[in-house]
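Below you'll find a set of structures to go through.
One chain, subunit A, links the two complexes that follow: it is found with subunit B in the first and with subunit C in the second.
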Partner chain A sequence: MLMKFLFAKNEEIPAGSATIFFGFSSIFWFVVGTGLGSFNAAKLAFPDWVTGTELFAFGHMRQVHVLAVILGWISMAFGMTMMYMTPALGNTKLWSEKLGLWNVFIWNVGLSLGLILLWMGITSGREYSDLIWPIDLVVIFGVLLPLGINVWMTIAHRKTQGIYITNWFFGACIFMLMIVFLVGNSPELFNLTGLTEAYMTFWFAHNVLGLWITPVAAGIAYYTIPKLTGNPLYSHRIGHLHFWSIVAFYSTPASHHLMSAPLPEWLKSFASVEGVLILIPAVAFVANILLTLKGKWSMFVENLETKFSITGVLLAIPLNMQGGFQQTRAINWYVHGTGWIVAHAHLALLGMSSFLEAAAVYFGLQQMLRRKLYSLTLGNLHYWFFIIGFCVYWISMTIAGLMQGAGKIYEVPYIDVVVAEHPYMIARWAGGTMVFTGNVIWLYNMWMTAREGTLVPKGRYAHELAYER
Partner chain B sequence: MGFQQYKFGAAGIGLMFGFSMCITLLFPANDFRSGISTWVGLDKQLSLGRVIGFSYEDPFVTGAGKPIVVILDKDPKTGAIIDPPQRAYVYNPGIKFAPGINHQEMLGAGVEDLSKSIGKIDQSDMASGAVFTLEKGEFNGDEVDYIVNASVVRGWTPAGTLKAAGDENTRYVAKGKTIFVTEGCWWCHTLLPEQTQDWQFFGAPPYLGDFNGEMPTAFGSDRKAPDLLHVASRNSSREWMTMHFFNPRLVQPNSIMPRYDYLWGKTDAKGNTIDMNKWRAEYNAYVHGESIYPPEVPEPRRDSEVRTLIDWVLTSLR
Partner chain C sequence: MGWKFDQPLYCLSDEQEQKEMLELMEKTKFGGLSEGNNKLPMPLVALCGLIILTAFMITQPIWGQRPNAEIYTDFVALMDSPEVQRLATGEEKMKFITQQAMAKATGRTPGDIERHPMSWNDLLNVSASIKEVQAGGGQYDLASYNVIGNRIQLANFEGYVQANGLRERKQPWFDKGYAIDIFYVSYFCLTMVLVIKQLPHFTRKPDMSKAS
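Coming up: the complex of A and B.
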């Protein structure tokens, strides 16, 4: 069906097609990404499990997990939400459904190719920018540029007077991510070396998180929560405080990832101070969303999408409390490089960000398919597998990280730390496997929704209808 | 028309983002440029070559097109004894040079001057290859290390140098680091002892000039295993490394490191096929207490991947 639409006239492609293909692609990559995560975690708990084959070695699979989740699940879920939220907020149609479909097609092909190469060990050897530079160019010009053109043109052709805060996030973050990809991969493109390369690696890694994964997820919540509850956003102005403080402060603290490397001290101090300022957008965001929910808190229990969305918002509280302070010198020396950071990274990506996106993907797919979710039971099962699995992962890795930190400063022989961490590695694997299982259920549920979900009448929202299963 | 949001927005984002890019990119770049290469930095870039990881000369990241390190105890041309033995970095004809050879300004003040005036590195020619060595010199009262193009200064040829060293004194350092990168060793082992602690176990943190010309640096960020920057100072046994790479639990029962037995290839040093199933069966019997000794680890071939990896660990991580 995708092939048919790729060569159809734009007018003949039904509205929402791009959203649907993006949505299912993102869930597929979520299943792949978490499956790989579960497999990798098993190897950390039981190192002799599946050995002897180069392709199933931990070092060949770890980066595939990371990038499948970031560029497959999270970024494609962003693409999906942009395909339906941007036009809805401008009271218009998507600028080009055809461009959207080409975008999702090139994205899937390019990402698959990049990940297969990575899996084979064809890598740039730079964390988070592991993809070789030809694939980076595909990401910039084949994936991000078409996505940006579609979003920017849709915003430009809007029929509303102002630009809603969600669209500010969408439009600006795509632009900033393109710059981040270009500059962050410049060591590969121009063979910059040494400390410049090391710094650019983490400049890239930080800014992908700080200017793409967390702010776009927050921007999504500014749409889903008012839409689901029917309450207007508590304050658009506080939303702008959030947006502009992200642009101003959170584009700068990259070097807090290298606090114990020989970078200039002024740079580390500057980054550390700017990193604490994440609390401004964080408090603005969380307060704004939670106040929007006034009078509708029962939906947190009763409505699946709200449950996902608010869980993500609530997880933003520990996320930013950790994030703001763990990068100061006072705390960083203790937790740097330990499992604490792994737990924090999963809190950002698997916790806060993924819950917000899951809510938006649930909501958007039902809207665009014009079908009610197939099964509430499976939806709830997904939620509980997801949140319990995540919490098991997060708590076990936090404890393991604190033990590692203690081992580090009290100069315990490393092997004793490995022994002490073993039970937490098993818990980590169990938690990750629960999340993976939940996602398999989700993919089935969504597939069945597309085939057998109750049709949603014109003018109604899917979440207004009662479930039939 | 009045107030237009997108104009304000575009200007605002341009201004703020541009400002933060100045602070995080432009100003640090000036600081990085002032770094002066140390011996460690020069040794790294000469032994690793232009780039580890994906590149034109090595698109499949197998370690092709890289320089070779040799440890010389006699002059390849005159045969005079060199004591203590000296490292030489051999670039066969056509192998791309380390970044500092073509872009001497990145070596830093003093290093650049001596490398050009005494070391003649600006006369290096890729087509005919070159051999480089490191020397100590004085520049404006400071001791600096500098690069010498021994092909120009002493008439050493790449082929002659390799022959004089022999296989036992040859270290495939660049190929070894390629294995380190492709096998993802750096997902668990960092190459960055922290400035705040780590001195006791993992040794001194690196200096500003220790990285000039290295690509990628592969610091690692997630430490699930010991830091390796100075590992060869703690343990320099090739035999221990061989056993540890084949199956880490032979020497450290509680290790969670993966087995790297596939780096041996199909045959051992004597050309016999390595029977992995038999080895595993015997090892399992040992683990379950059915035999007293574990099976012998096969001796790696001279051209096996694990040999290059151990070469890199023992030569560079000191």
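Coming up: the complex of A and C.
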């Protein structure tokens, strides 16, 4: 069906097609990404699991997992939300469904190619920016630019006088991510080495998180919570504080990832202060959303999308408390290079961000398919597998990280630390596998929704109708 | 956009502009969504202030630095002495040297020596470089060097330019990174006040029932 639409006239493509293809692609990549995560975690928990084949070695598999989740699940879920929220918020239609469909097609092909190359060991060798430069160019000009053109043109053709805050985030973050990709990958393009390469690598890694993954997820919540609850967004003012503090304070502290590196000390001091100031957009975001929920807290229990959304918002609190303080010299000394950081990264990507996106994908797919979710039971099962699995992962890795930190500082023999943290590695695998299982259930549930979900009458929202299963 | 500065803490927009903004909020529905004109709650403002204060306080002083080469001056002076040469093992030599150096040191140096113990082999390796700098062989004094394992390295502090044209490499009491931050945060706060106070005053609530 995708192939048919790719060569059809724009007017002949049904509205919402790009959203649906983006939505299902994102869930597919979430299953792949968490499946790879479960596989990799098993290698750490059970060292004899799949050995003897170079392709399945941890060093080959780790970055495939990371980029399948970031560029497959999270970014495609963002693409999906942009395809339906941007026009909805401008009381208009998507500028080009056809461009959206080409976008999702090139994205899937490019990502598959990039991940296969990574799997084969063809990599830039730099964490997070592992993809080789030709694939980076595909991401910038084949993925982000078409996405940006569609979003920016839809905003330009809006029928409202103002621009809602969600679209500020969407429009700005695509632009900022393109800059991050161009500049962050410059070490490979211009053969920069040494400290410059290290700095640019973590400038990229920090800003992919800070100017893409967390702010776009927050922008999504500004849509889903008022939409689901029917309450107006609490404060336009707080929205200003959130948006501008993201731009000011999240874009600047990249060197706090390299506190032990021989970067100029003033740069690290500057970055460390900015790192704590990241708490300002965090408290603004959490306050605005929770105050918007006023009088509708029962929906946190009763409504599946609100449950996912508010869980994501609540996880932003520990995420930013950790993030703000773990980068200071006094704490970074202890936790740097340990499982604590792995736990924190998963709190951002698998916790806060993924819960917010899951809510938006649930909501958006039902709206665009005009079908009510196939099974609430499966939806709830997905939620509980997700949250319990995530918490088991996060807590076990946090504890393992503290043990590793103690081992590092007190110069405990490395093998003793490996033995001591073994139970936590098993817990990590169990938690990750629960998340993966939940996602398989989700994919089945959405597939069945598309096939057999109850039709939603025109003018109604899916969440206003009662569940039938 | 008009500016009005007679009541800057109330609102920076004139009456007509406030009215137009409120009408816009009332009539605009972004795909069914609307925005409230509520104020920044006082606890949120207080929390932001606390965060800014905490950001500066928790990151100072510059903590966790590598040891300064100057703290090992007495180590180098003692290493060739007959008392040290008489001792059989490296551990014994370093125990003696450390005790002597700490007893002689003043100020923060005893604590620095305690936090940064050195092995005999590292001392043998690093001593030549320390002696060379002491003899005036470089442009910087020993306090400008860090000891990294078994070698010394010019510290990565980039302080102010001195009279001799070189940048200061000693740990400052107030890093210029913090000075940059003070300006950066101040500009941010000023900009946010201008942006937020330009909106209609929060006591004026849009009537959402008018929205289409």
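Please note the rule applied: the second predicted complex is superposed on the first by the 469 of 469 C-alpha atoms of A that agree within 3 Å, B and C clash if a C-alpha of one lies under 4 Å from a C-alpha of the other, contacts with A are read in each partner's own complex, and residues count from 1 in each chain.
Keep this in mind: a contact is a pair of C-beta atoms (placed from the backbone, for glycine too) under 8 Å apart; a residue touches a chain by one contact, two chains touch by 3 or more.
Worth saying up front: this structure is predicted, and the values here are computed from it rather than measured.
Contacts of A:283 after superposition on the shared chain: subunit C is touched, whereas subunit B is not. In the superposed model, A:263 lies in contact with both subunit B and subunit C. Of the two partner chains, subunit B is the only one that A:338 touches; subunit C does not reach it. After overlaying the two complexes on the shared chain, residue contacts for A:91 are found with subunit C alone; subunit B is out of touch. Within the superposed three-chain model, A:248 lies in touch with subunit B and with subunit C [touch as defined at top]. Look at A:224: by the touch rule set out above, it reaches neither subunit B nor subunit C. Within the superposed three-chain model, A:58 lies in touch with subunit B and out of touch with subunit C [touch as defined at top].
Of the two partner chains, subunit C is the only one that A:164 touches; subunit B does not reach it. One of subunit B and subunit C touches more residues of subunit A, and that partner is B. Once the two complexes are overlaid on the shared chain, A:366 sits clear of subunit B and of subunit C alike. Residues 162, 244, 248, 252, 262-264, 267, 270-271, 329, 333 of subunit A lie in contact with subunit B in one complex and with subunit C in the other.
On the subunit A side of its complex with subunit B, the touching residues are 43-45, 47-48, 51-54, 57-60, 62-63, 121-127, 132-133, 155-156, 162-163, 168, 171-172, 175-176, 179, 183, 187-188, 191-199, 201-203, 244, 247-248, 251-252, 254-255, 257-258, 260-264, 267, 270-271, 329, 333, 336-339, 341-342, 404, 408-409, 411, 413-415, 418-419, 422, 425. The residues of subunit C lying in touch with subunit A in their complex are 24-25, 28-41, 44, 47-48, 51-52, 54-56, 58-59, 62-64, 153, 155-158, 171, 175-178, 180-181, 184-185, 188, 191-192, 195-196, 199, 202, 208. Of all residues in subunit B, those touching subunit A in their complex are 5-6, 9, 12-13, 16-17, 19-21, 23-25, 27-29, 31-32, 35, 41, 45, 50-54, 59-61, 99, 106, 181-188, 190, 192-198, 200-201, 205-208, 210-226, 248-249, 252, 254-262, 276, 280.
Of all residues in subunit A, those touching subunit C in their complex are 85, 87-91, 160-162, 164-165, 223, 226-227, 232-241, 244-245, 248-249, 252, 259, 262-277, 279-280, 283-284, 287, 291, 324-325, 328-330, 332-333.
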